[in-house]
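Next come two complexes built around chain A: one with chain B, the other with chain C.
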Partner chain A sequence: MLVELGIITTVLALVLAWYAVLAGLYGAQTRRDRWVLSARNAALLTWPLLTVASLALIISQINGDFQIEYVWSTTERAADLFFKITALWGGQAGSLLFWSWLMSTFAAGALILNWRSERRLMPYVIVFSMATLGFFLILNVLVESPFARFWQTANGEVVTAVFQPVGTFPAIPQDGRGLNPLLRHPGMVIHPPTLYLGYVGMVIPWAFAMAALASGELSTSWIRATRRWTLVAWLFLSLGLILGGRWAYDVLGWGGYWGWDPVENAALLPWLTGTAFLHSVMIQEKKGMLKVWNMALVIISFILVILGTFSTRSGIVSSVHSFAQSPIGPPMFVFLALASVVSIGLWLYRWQRGELASEHHLEGWLSRESLFILNNMVFMAITVAVFWGSYAPIFTELFIGEKITLGPPYFNSVTAPLFGALFILMGLAPLSAWGHTSLSRMGRAMLWPFLAAVGLVAILLIFGMRDVGALLAFGLAGFAGFVTLYEIWRGVKARAQREAWAVAAWKLFGRNRRRYGGYLIHLGVVVIGIGVIGSTIFQQETQRTLAEGQSLTLGRYTMIYDRLERAQATDGRVMTIANVEVYDGSQLVAVLRPRQDFFPNAQDMNTMTIAGSYSTIENDFYVLLVAWEEISQASATFKVYLNPLVNLVWWGGLLLMLGTAVAAWPDQDRQRQRVTRRIEAGEHGSPART
Partner chain B sequence: MALGLVVMLLGASVVLAQGGGETTPPSVREVTADEVNAISSKLYCPVCENIPLDVCGTQACARWRAQVRTLLEGGASEDEVITYFVDQFGERVIGTPQNPTLNFLSWSVPIAGVVLGVVAVGVIFIRWRGQRGSAVRPAGESEEEATLDDDYRARLERELRSSK
Partner chain C sequence: MSEMQTSETQTGPFDPQTQPFVEQDIPRRRVTPLSVVIFLGVFGLLIVLGLQLIEANRSQPNSGPAPDFTLHVFENMDADAYLFGDAFTLSEHRGKVIVVNFWASWCGPCRSEAPALQRVWEAYQDRGDVVLLGVDYVDNTEDALGYIREFGITYPNGPDLGTRISDAYRIQGVPETFVVGKDGNVFQFIYAGVTARDLASIIDRALAE
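Coming up: the complex of A and B.
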């Protein structure tokens, strides 16, 4: 019954999505509002339908309906309720349904929130967002159905089909295979949904941009809606990337959080172009410039989202994150090609007609807009470098016949100077003015932050740091950080003439959310940057085999191996746990229990290495149990890392989230603008007729 | 040099043929796990691509690490060990290609991207500066004020001046 409900609602959602595309297109072309309203209602209906479909699958997972292939492959009786629910995104078919549900949620949100304010764009927003949803639902219904079931033929063969083939009867396995062990981590509850939210969120800005191109409504209206939705998507992409890093740090046993893995990079690429857009869009809002470029950035971000989804799910890149090889590769490639051709075609059409021409031109070499343009150039250079590093194996195999791997040495060498340039720009841009800034004025404005950065480098030198690269990196990050703090301090100081400092700070952020939210984001990036610099350049590691009672020393810590123990968890995993004591000098600071979990029923990746770590703001003493003496258990091999400043990566991430939330929060002025736009829309009337 | 490498590899293959795995063969010199990891971190196994050899948990990678150890114990340098694996399995096993053509290709794409970006930005700046209109400064407005078309910043500067 649940399965049938899931199938019917998914198919209905598919039909309605494509109906919305056609009705929206017809309504927009003929200017018949009735059709546009009908398209909107159809688009809105996809959300409850896909909610029912997703709930049907989740309930099947909880109930253990193992006749459903997806339920069998991602859950098992012994699994916790928690993991039975999160199995919705633990495999290809379920995560595609989840993707579709999120897409319908975002589309419904855009239709409800922007219906009045962006009325003229909405018919095409429906067309482009529903075409994307419709495509993913085609995959869900025809290629990778999460409701496909096992059937047994008369000769005992088990086949998989959505509907019962003639001459078969239901085949119901006793138990499921269970979730991939790597996904049995609390981080996996939040990491995939946030990343998907970021991916799916990028579809909405693209739909608005396409709507503007298709309708020719290329005033500032589309950019307002697009910026807000991009910020929402960017927030989730950032959160997904940071949580993914945390998951890798905890579960993958690399001793690190970022490995320049192709799937990590697939999520980073739209984040980079999205960040570039969030900066350059300000130039369009303020000066009416860079219209061609902003449109291009939105299109590139969307293409990178679909490319990332395609490469992760088709098996064209190998990664610990990627799904197994799947038949969805060819249709996804077709969609990617079609979406790219339509997007670029419309963009070129409007461009050559001169409808994306700049309203103003550059007034000075040194100005906020010139620094933002440089910022965009650096972001695009990083995008090109990361794209090439991720897809070079495919290109070289395709065109030269030799597959190469570009690993961390390549990425670190290429991106480090570019990130350094970004820190410089992050420091200079807030001090510059729109239009033109004189060199002397810029020099005066940056004097104190610059001196503070020089002071920081001097202190590091005094404390014995001699690595030139590290000194330079900390200096640049420090400069960007000091500029941000200096700007916040100046703002608070100006207000503090009239009110208490705490009140002044609160009101400053509350009344200038976009500016000071942006500063908080910059601070978050600086803190993350300091964490990355420290943990990359100064990471120490060692591997030793220790007998019980023996010790090893790394940095100022000494670790003593106590004993090994075995345990079995309720979900069937066999855990081998080492007990080690960590001393800072002579003081016992922690007892760690690094372990290896073995999943007897799991296929492929059946072992998980869980680190034990002693964390301080200064560093992480991070211990992995690598091997042990099976019979006597008298000795064990440990890999131990000392990761300086690594926790700043997570703290900086939180600051970045907070800043994004502040910047995205609507302020009173904006609410007033929205009311004004509504009035204007009402006064001018709808362009459509009923 | 080449002869030495051949002898060393023959030695390694004998050890592996005896089911060497992680067991320690008769060694010429003591090799630590850290030395093995330092080289392994630069290698990628073709089976589990994109995971460096030093942190990969598969049996195949454990055998490769044992092979790195054996080669080091036989007296091979880091470069010789890496060259051995590239010869055996191709350029894909290292993070940056050894082959000069592939190496050039690896680095030239991002560098070309940066150069193109710089040229594009330069052209944009020059074109826009050439097209700029003659901005007339209102009477009585200082140069500093003229540069502050950011209303908020202008207000902030005024308030900070008044607080002095």
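Coming up: the complex of A and C.
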């Protein structure tokens, strides 16, 4: 029953999505509003349908309906209810359905929230968002159905099919195979959905941009809706990246949070272009410049999202994220090619016709505009470097017949100076003015933050830091941070003459949400930057085999290996746990239990190395259990890292989230406007003016 | 960024008040070289990706003759580990069961299976008709040797120079393992990590053939 319900609702959603594309196109071309309204209703209806389909799958997972191949491959009887539910995105077919549901949610959100304000763009917003949804639903229905079931033929062979093949009867396995062990971690449960939200979120700005290009409504109104939706997508993308890092740090057991892996890069690339867009869009809003460029950034971000999904799911780049081989590669490629050609074609067409011309020229070389353009250049340089690093094996294999893989040393050395340049710009731009700033005014404005940064470097020197790169990096990050704090302080001080400090700060942030939200994001990035610098340049590691009672010392800390334990968890995993005491000097500060989990029933990835970590603001003492004496259990091998300042990465991440929330919060006066509009509309019985 | 600047030099400033555009005001332009370049670039990228997709979809050999190769074994390993001198050629060992394991020091799942492989090797090395080979896929020598030492690996390992061996076996990532039967045909392909028990049972079946 549930399975049939799931199949019917997905197929209906597929039909409705494509109907919305056609009706929207027809309505827009012939200017028949009835068709556009019909397209909208169809688009909105995909949401309840896909909600029912997703619920049908979730309920099957909870009930353990193992005849469904997907349920069999991602859950098992012994699994916790929590993991039975989150198994929805534990495998390819389910995550495609989940993707579609999110896509539909975003589309419905855009249609409801922006219907009145962006009325003229709406027909094409429907067309482009529903074409994307329609494509993913094709994958869902025809290529990888989460509702495919096991059937047994008369001669005992088991086949997988959505509908019962002739002459077969249902084959129901006793128990499922269970979720991939690596995914059984709270971080991994939240990380994919947030990343999907970021990915899916990018579809909406693209749909708005494409709507503007297709309809020729290129006055700046499309940019308002696009900016906010990009900010939402950017928030989730950032969160997804940070949670992914946290998960890698906790579970993957290589002592770090970022490995420049192609899959990580796939998520970083649209984040970089999205960040560039969020900056350059301000120039278009204020000055009417860079229209060609902003459009390009939205399109590139979307293409990078699709490219990232395509390349990680089709196996064209090899990655430590070993995704199973999947049949969605070729159809994804077709979609990627179509989306790129249509987007870039439309963009070139409008550009050639001069419809994306700038309204102003750059007035002075030292202005906020010019600094933002520099910022965009740096972001694009990082994007190109990361893109090349991720896809180099493909190009080198094709052109010189040899696969050259670029590892972390390439990424670190190429991107480090560029990130340094970004910190400089982050320091200078908030102090500059639109139009033109004189050098002496800039100099006066940056005097105090600059002196503070110099002071910071001096203190670090006094405390014995001699690494020139590190001093420079901390100095630049410090400068950007001090400028931001200084700017916030100046704003609060100006208000504080009339009000109490706390009230002044609250009102300042409330009145200029975009600006001060942006500053909070900058602060978050500075804090993350300090964490990254510290944990990259000053990481220490050692590896040693210890007998019971023996110790090793790293930095300030000494650890003593106590004993090894074995335990079995309810989900069948066998845990080997080492008990380790950590001393700071002679003071016992923590008892850590680094462990290795072995999953006897799991297929490929069957071991998970979970670190034990003693964490302070200053650093993490991070212990991995690498190997042990199987029989006597008397000795064990540990890999130990000292990761300075690594916690700042997570704290900075929180600050960044907070800042984005502040910046993206709906404006009060916009709400007020909407209320007045509704009154107007009610009183006169006429549609609201935009 | 060059697009941005060209757009600004091509068109003069005009009054924002004249917005929005009226369509007939805009002179139709011919296709500029820049847009041709952009389009060709996009097509070029798509073609490269498409070729790679075709390549990736050709799956690993599951049966039939195992592609021949010569592996140059890492040199500064423990002397006892030297079985075949510094070059091992697959076709010269017809009649033995040969396990070819692709790995890399940067690969997490490889780390998980490394002890299992070594255990299997220790169980079979004295028979003489079973060979375990480690093919180190895109790696740097220092890390690779560190990895071999870390897991106390004693079977022969060597770098996949120019990714020739991995290309011949069309691997999609590491770890991947091929068991080559006594007749020189691929007996079994194992995607992702192995366990000692599974690998041993596959070797036993290959020996029994």
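Quick notes on this structure:
The rule is simple: the second predicted complex is superposed on the first by the 667 of 690 C-alpha atoms of A that agree within 3 Å, B and C clash if a C-alpha of one lies under 4 Å from a C-alpha of the other, contacts with A are read in each partner's own complex, and residues count from 1 in each chain.
In the analysis below, contacts are C-beta pairs under 8 Å (C-beta built on N, C-alpha and C of every residue); 3 or more make two chains touch, one makes a residue touch a chain.
On a predicted model such as this, the values are computed, not experimentally measured, just so you know.
The superposed arrangement places chain B and chain C in clashing positions on chain A. Looking at the shared chain after the overlay, A:433 reaches chain B, while chain C stays out of its contact range.
With both structures placed on the common chain, the touch criterion links A:414 to chain B but leaves chain C unconnected.
When the two complexes are overlaid on their common chain A, residue A:394 makes contact with chain C while staying clear of chain B. Of the two partner chains placed by superposition, chain B and chain C are both touched by A:253. Contact with chain C, but none with chain B, is seen for A:218 once the two complexes are overlaid on the shared chain. In the superposition on chain A, A:353 contacts chain C only, with no contact to chain B.
Of the two partner chains, both chain B and chain C are touched by A:402. Legend: residue contacts after superposition of the two complexes on their common chain; A:361 is shown touching both chain B and chain C.
Using the contact criterion defined above for the overlaid structures, shared-chain residue A:515 touches chain B, although it does not reach chain C.
The superposed model puts chain C in the path of chain B at one of 60-68, 96-104, 132-140 or 150-158, which is 60-68.
Overlap of the chain B and chain C interfaces on chain A comprises residues 252-254, 318-320, 358, 361-362, 373, 377, 380, 393, 402-403, 405, 407, 543, 607, 627. On chain B, the positions that touch chain A within their shared complex are 22, 32-34, 37, 42, 44, 48-52, 55, 57, 90-97, 99, 102, 105-107, 109-110, 113-114, 117-118, 120-121, 124-125, 128-129, 131-133, 135, 143-144, 146-150, 152-153, 156, 159-160, 162-163. Residues of chain C touching chain A in their complex: 1, 3-4, 7-8, 10-11, 13-14, 16, 19-21, 23, 26-29, 31-32, 35, 38-39, 42, 46, 48-53, 55-57, 59, 106-109, 112, 115, 138, 140, 150-151, 162-163, 166-167, 172-174, 191-193, 195.
Chain A meets chain C in the complex at residues 216-219, 252-254, 288-293, 296, 307, 310-311, 314-316, 318-320, 322, 325, 329-330, 333, 336-337, 340-341, 344-345, 348, 351-362, 373, 376-377, 380, 393-395, 397-398, 401-403, 405, 407, 543, 603-607, 626-627. Residues 252-255, 259, 261-262, 317-320, 358, 361-365, 368, 370, 373-374, 377-378, 380-381, 384-385, 388-389, 392-393, 396, 400, 402-410, 414, 418, 433-438, 441, 490-491, 493-495, 497, 512, 515, 541-545, 607, 609, 627, 637, 639 of chain A touch chain B in their complex.
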